[in-house]
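One structure is given below, encoded as structure tokens.
Which chain is which? They are A, B, C and D, in the order written, and residues in each are numbered from 1.
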Amino acid sequence: MVGGGQDAFIGAVHRMAARLDGHYELVAGALSSTPERARASGLALGLTPERSYPGWETMLQGERALPAEKRLQVVSIVTPNHLHFPVALACIQAGLHVICDKPMVVNTDQAQILVEAVERAGTLFAVTYNYSGYPLVRQARQMVRTGVLGEVRKVAVEYHQGWLATAQAEAGNKQAQWRVDPALSGPAGALGDIGTHAEQLASYVAGLELESVSAELSTFVAGRALDDDASVLLRFQGGARGHLSVSQIEIGRENDLRLSVFGTLGSLSWRQEDPNVLVYDRLDAPRQLLTRGGPGLSPEATAATRLPAGHPEAFIEAFANIYAGLAAHHRDREAGLEHTPDYPTVHDGLRGVQFVEAVLRSARSTERWTTVLAGQESA
Amino acid sequence: MVGGGQDAFIGAVHRMAARLDGHYELVAGALSSTPERARASGLALGLTPERSYPGWETMLQGERALPAEKRLQVVSIVTPNHLHFPVALACIQAGLHVICDKPMVVNTDQAQILVEAVERAGTLFAVTYNYSGYPLVRQARQMVRTGVLGEVRKVAVEYHQGWLATAQAEAGNKQAQWRVDPALSGPAGALGDIGTHAEQLASYVAGLELESVSAELSTFVAGRALDDDASVLLRFQGGARGHLSVSQIEIGRENDLRLSVFGTLGSLSWRQEDPNVLVYDRLDAPRQLLTRGGPGLSPEATAATRLPAGHPEAFIEAFANIYAGLAAHHRDREAGLEHTPDYPTVHDGLRGVQFVEAVLRSARSTERWTTVLAGQESA
Amino acid sequence: MVGGGQDAFIGAVHRMAARLDGHYELVAGALSSTPERARASGLALGLTPERSYPGWETMLQGERALPAEKRLQVVSIVTPNHLHFPVALACIQAGLHVICDKPMVVNTDQAQILVEAVERAGTLFAVTYNYSGYPLVRQARQMVRTGVLGEVRKVAVEYHQGWLATAQAEAGNKQAQWRVDPALSGPAGALGDIGTHAEQLASYVAGLELESVSAELSTFVAGRALDDDASVLLRFQGGARGHLSVSQIEIGRENDLRLSVFGTLGSLSWRQEDPNVLVYDRLDAPRQLLTRGGPGLSPEATAATRLPAGHPEAFIEAFANIYAGLAAHHRDREAGLEHTPDYPTVHDGLRGVQFVEAVLRSARSTERWTTVLAGQESA
Amino acid sequence: MVGGGQDAFIGAVHRMAARLDGHYELVAGALSSTPERARASGLALGLTPERSYPGWETMLQGERALPAEKRLQVVSIVTPNHLHFPVALACIQAGLHVICDKPMVVNTDQAQILVEAVERAGTLFAVTYNYSGYPLVRQARQMVRTGVLGEVRKVAVEYHQGWLATAQAEAGNKQAQWRVDPALSGPAGALGDIGTHAEQLASYVAGLELESVSAELSTFVAGRALDDDASVLLRFQGGARGHLSVSQIEIGRENDLRLSVFGTLGSLSWRQEDPNVLVYDRLDAPRQLLTRGGPGLSPEATAATRLPAGHPEAFIEAFANIYAGLAAHHRDREAGLEHTPDYPTVHDGLRGVQFVEAVLRSARSTERWTTVLAGQESA
């Protein structure tokens, strides 16, 4: 693991997700950008002194020196965004599998380089778009894929938070500090932090490719360098439309990610804060509530489920499904079996960065519509 | 009453709203555009044959001929949109008070004429933006006004319906037929039918004036002449921002109007389908649920409340509050008292039409932003 | 109307319910037990001075003196409980139809006398068990009747309120004062006030007859003369079982009446505070939410519905369905048509009083089970 | 671990709970009552062949033979109920700490023997009443303890399931088979399986001791040997009252455990299926929703919390809090520190068994009230 030492939030989540199913063991880490803190954090987590590395470069060197069967196999990258690229690239080039937090990197050039590096190295690469690990998100994706909703007309995705409604960074909140600093977080604020989750969730479930966006980025807290609120109109290839709203200044909203997909035959709605229910509506029929572990679910949802209905699973379990997905991929490859990843890969990471850049371009443009892929404006 | 005969939906609602509190008596009507049906509908509702008029012009003539104390005092206009203007204008010019369904008229010129006519005649004029009659909507408005939320940063308003997800008009649905016909409904579909409700609700509660819009109008059902879905980014005067989403093709959504207002100190959320609860969030404090009739409510909310907490009030009661508002205004005027209307007036009707036109202009524009008032584009 | 003057709550509700559909007109009343207040209340409601009677006996005399076509036809009795019996009996004997609040009377002897009087007079008699007027309660009743749930095994009914958690009567709350006074309210407190609603709702929907009860009555507020909380185990004829819990001391609960019915094939759940949804579960199938006005409803539910789905109806509309039921019965009788009442009648009123008496006996007994009808104890 | 091999449900839950926080390592097991299946299950879970024991007696022998520092320290007992007692007793006598599923044993005599054995051996003993591991359950307990609710008047606890609404055991459901067999499950069905959870949750939060019960046990599915539904009226020492309802035949209910506690100053409500919200009502104040990780929580709730608000935690995390509690106790003891367990101990296990026996006695009695502790009847 790189990053995730003391004061970090997401590192601990990655470790719980890795431990939950017993597929991973933490053997080495460079857990902070400060060498002493990195060492102390490693020891506190039970790493040996030799493998509590002071930095990620030393870690890669040290591990390379070990016999193959003792060596690190997978690296989790849980640093602030600006470090994802160099660490990931070095790991790939060292032949290591990577599990990288999102947004994968801070610009498209970096993302393209990683895509090519992964293709060259043949290593596995997961991006922890963890919300796609929820069983009922997988159920929704299957229902769209199998045509249960008919043709998708509209996708609405929202991600509401309120914890940055005041100047948290200035108040000493470590989680806020790097997120609102362009040097550490990249060119996008709320858009990169949670907008990428929203975009990925919508794409993952609806199976659509974005064509163009029309965006409004706002910064409501005085003095903040990055956006803390974004509203984006979406046009998908093939004619479907949608909108995406994300905010970190909506007081009282905790982590309220919501997705609705509307088709010609039915619709689906899901909320991350109530993740064990999927609302399913059909033309001229009563609403159905599909529950995780309950009747009528697809094999894909069931495979992501650990407990019977009514015994709620939640955030960590969904996160663990990303880890379990990469582990299963690795196991199948070792066994010489075909495997189609159900976890977000480096390609999803690339698409997320393309989305961020398109929104940034749109927000600066006087044109209503900005195409996602080309960089050229269109109306 | 003009309109609202057999097969009509909203006419019956107006009559129940009028009856509920005993302030109104139905004495005359021209209840359909077909003379025979108008008469039959009037008789079925207990009108005398003489006052079951075959058309609205005859009604105005007939009533003018009656002695003043027996004459119609208020006319409810519940026809398809295209008739609102001529009927309303004639009523105002006849010195009658008017309660008119929304959208008030189909273009700004008509709206301006009504505003001037009302000012000249000194009559009362209510537009049945009925959702602003809900007690907790009035509570929300008061909380914004008194500064409880701090400065308003963002307003999100959504209105989700699904009943037009298929070609209902072609299937014989009378409610659908006039709504998707530009000749009867005006230039806007879902935008005019429910978008105007959404805009008015947001303005009524947040107390902000729209500056510019960036809109996407869609028509998802093949062959439909008007929009059935609209997404609009909003910029308000003073810097607040927002978005408005309305749709009539979201299968499974019944009448799901929602409003959230986010300020620097707190936020409020309300849903029409669960109208007796107002969600109130404050910085760093547990969420509160304010309930109609419950503790902590303003006099304005209490004045709009008939029953104790837990004895739910709903759509008809809110609608009746618009009727009761005009009746109270009338009573106070007769008594020579000052009265500030709490019901939507001809000015709100005008603003709704301006909003519709701005959205229509934006949807045709290549510019990102369209100003609401001027008609000139801005970026 | 008898009772329901100033300071009364339920009288105003009866009047709104009567007005809503235009079937009734308020023509006479004895609206308070204090003659001056009775007169003043009548005048305030628009009654003529002659028909603003100082007391119910005078009202019956005065009306008898009027020509038949001008005379009162139906009397609504909305006094405290102890007056229901004499007023109702006199009205029946005067050939008037009666709409009486619940509990119908304060003991079984009185109830039996009313039953016989109604049978003798041939008049109509409704008890405002208003919750049985909700469209989805009628839907639930039909689903049980038509066997959709299979054989009913279990019925759970709860009615939670909190407004009497403190000594409200002593604090000057008029609604509380008569309810906690045995001389005005009868021998039961919460049990009579809301327990009878709960019993009736369960019986109405489940179509079962109570066989025996095992009850715990509590009085939590010091100095209160009547129960403010009741828990009752239920055994129905035919083997179904259930429990009923009602309370007026549960702080924060407003008017939270809930019913669940469990059968061999499915189950139903309904909540008065969210009355437009009926939760329907079937063996091995996803949960369905049936909505008022939505797909899949019975003619009986539709007949009790005024608005489309998503336009919520609530307490007053349900109450008005009781009034509309008696009006429809009267209309059909005048037309010589058969009519099976869908509203609660004098027989339901009797059953409610029998239930109260059985619970009171059980609470004093050392035996576990008390039979409802005989008064003899059984184990 | 003893029990929890193939086809088992709860064993896998225990293992995930043990792994989540990294406090435990699975080193040995006797995972099935069938020796071959025990071995196979152990190997499948990564145990060495030597420590994949064919039975629990062999496991205890084998481990005793190991050097102390390699030896098993804690045994998780996850067998059907009838084996809890012999395995637990042998483990305690071998000086091992025990984590035992509920109900702890099948009668009071066994429970008393375990209590004494634990006291003699000085070992740690947790009963996995896992619902008491939820952070907001701990919050509720603290709010009661610190007097926020005033004096507790009433406790209502319900546990609704529907999975045994049909003859599941006969249909081959392994989870059902042992639960409805008195030889494996003990004398209580739903009462033992989920009623004990309900009783413990109520006691844990309300801090009250049961005095007497009045119970109705039902068996709705033909041919079933044990109860599948129980309704119990409760009297607590000190005058508080309550009721407990548990069922496994309520079609559509998944794992719907609910608790409400009503005091003189406020009340609390919590639902296991929505575990990240605690509803808090105060006299004459708006309802508050306390959220896990949100503002206003106690140190005890925070200590049981891993993720920020809005990132839901659920069943496994709560379960892991029981495991973490015993681990923390062990750590503190090793460090010579005082430690008050926050997890359910052998004493809670005993109280659960006493509750079951009292309910069984009550259900056979003709008296209304059965005292919990004495076995003698009282009225």
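Keep in mind that, in the parts below, a residue touches a chain if its C-beta (ideal position, glycine included) is under 8 Å from a C-beta of that chain, and two chains touch if they have at least 3 such contacts.
In this text the structure is predicted, and so the values were computed from the model without any measurement.
*Asks:* Between B-C and A-C, which chain pair shares more contacting C-beta pairs?
*Replies:* When A-C is set beside B-C, the one with more contacts is B-C.
*Asks:* I'd like to know which pair from B-D, A-B or A-D copies the C-D interface, where a copy means over half of the contact pairs are the same by residue number.
*Replies:* A-B
*Asks:* Please report how many Å separate the Cα centroid of chain A from that of chain B, as a whole number.
*Replies:* The mean C-alpha positions of chain A and chain B differ by 42 Å.
*Asks:* Please report how many Å separate the Cα centroid of chain B from that of chain C, as a whole number.
*Replies:* Spacing between the chain centres: roughly 36 Å.
*Asks:* Provide the C-alpha centroid distance between chain A and chain C, rounded to the nearest whole angstrom.
*Replies:* Going by mean C-alpha positions, chain A sits 55 Å from chain C.
*Asks:* Show the residues in chain B shared as contacts by 2 or more other chains, in ascending order.
*Replies:* Residues 253, 287, 291, 294 of chain B touch two or more partner chains.
*Asks:* Using the touch definition up top, name the residues of chain B that touch chain C in the complex.
*Replies:* Against chain C, the touching part of chain B is residues 9, 12-13, 15-16, 19-22, 45-46, 161, 163, 253-256, 272-276, 291, 293-294, 306-317.
*Asks:* Considering only the defined contacts, which chain A positions touch chain C in the complex?
*Replies:* Residues of chain A touching chain C: 280, 284-291, 294-296.
*Asks:* Provide the residue numbers of chain B that touch chain A in the complex, in ascending order.
*Replies:* 153-154, 156, 162, 165-166, 214, 216, 218, 220, 229, 231, 233, 235, 241, 243, 245, 247, 249-253, 260, 262-267, 279, 281-283, 287, 362, 365-368, 379
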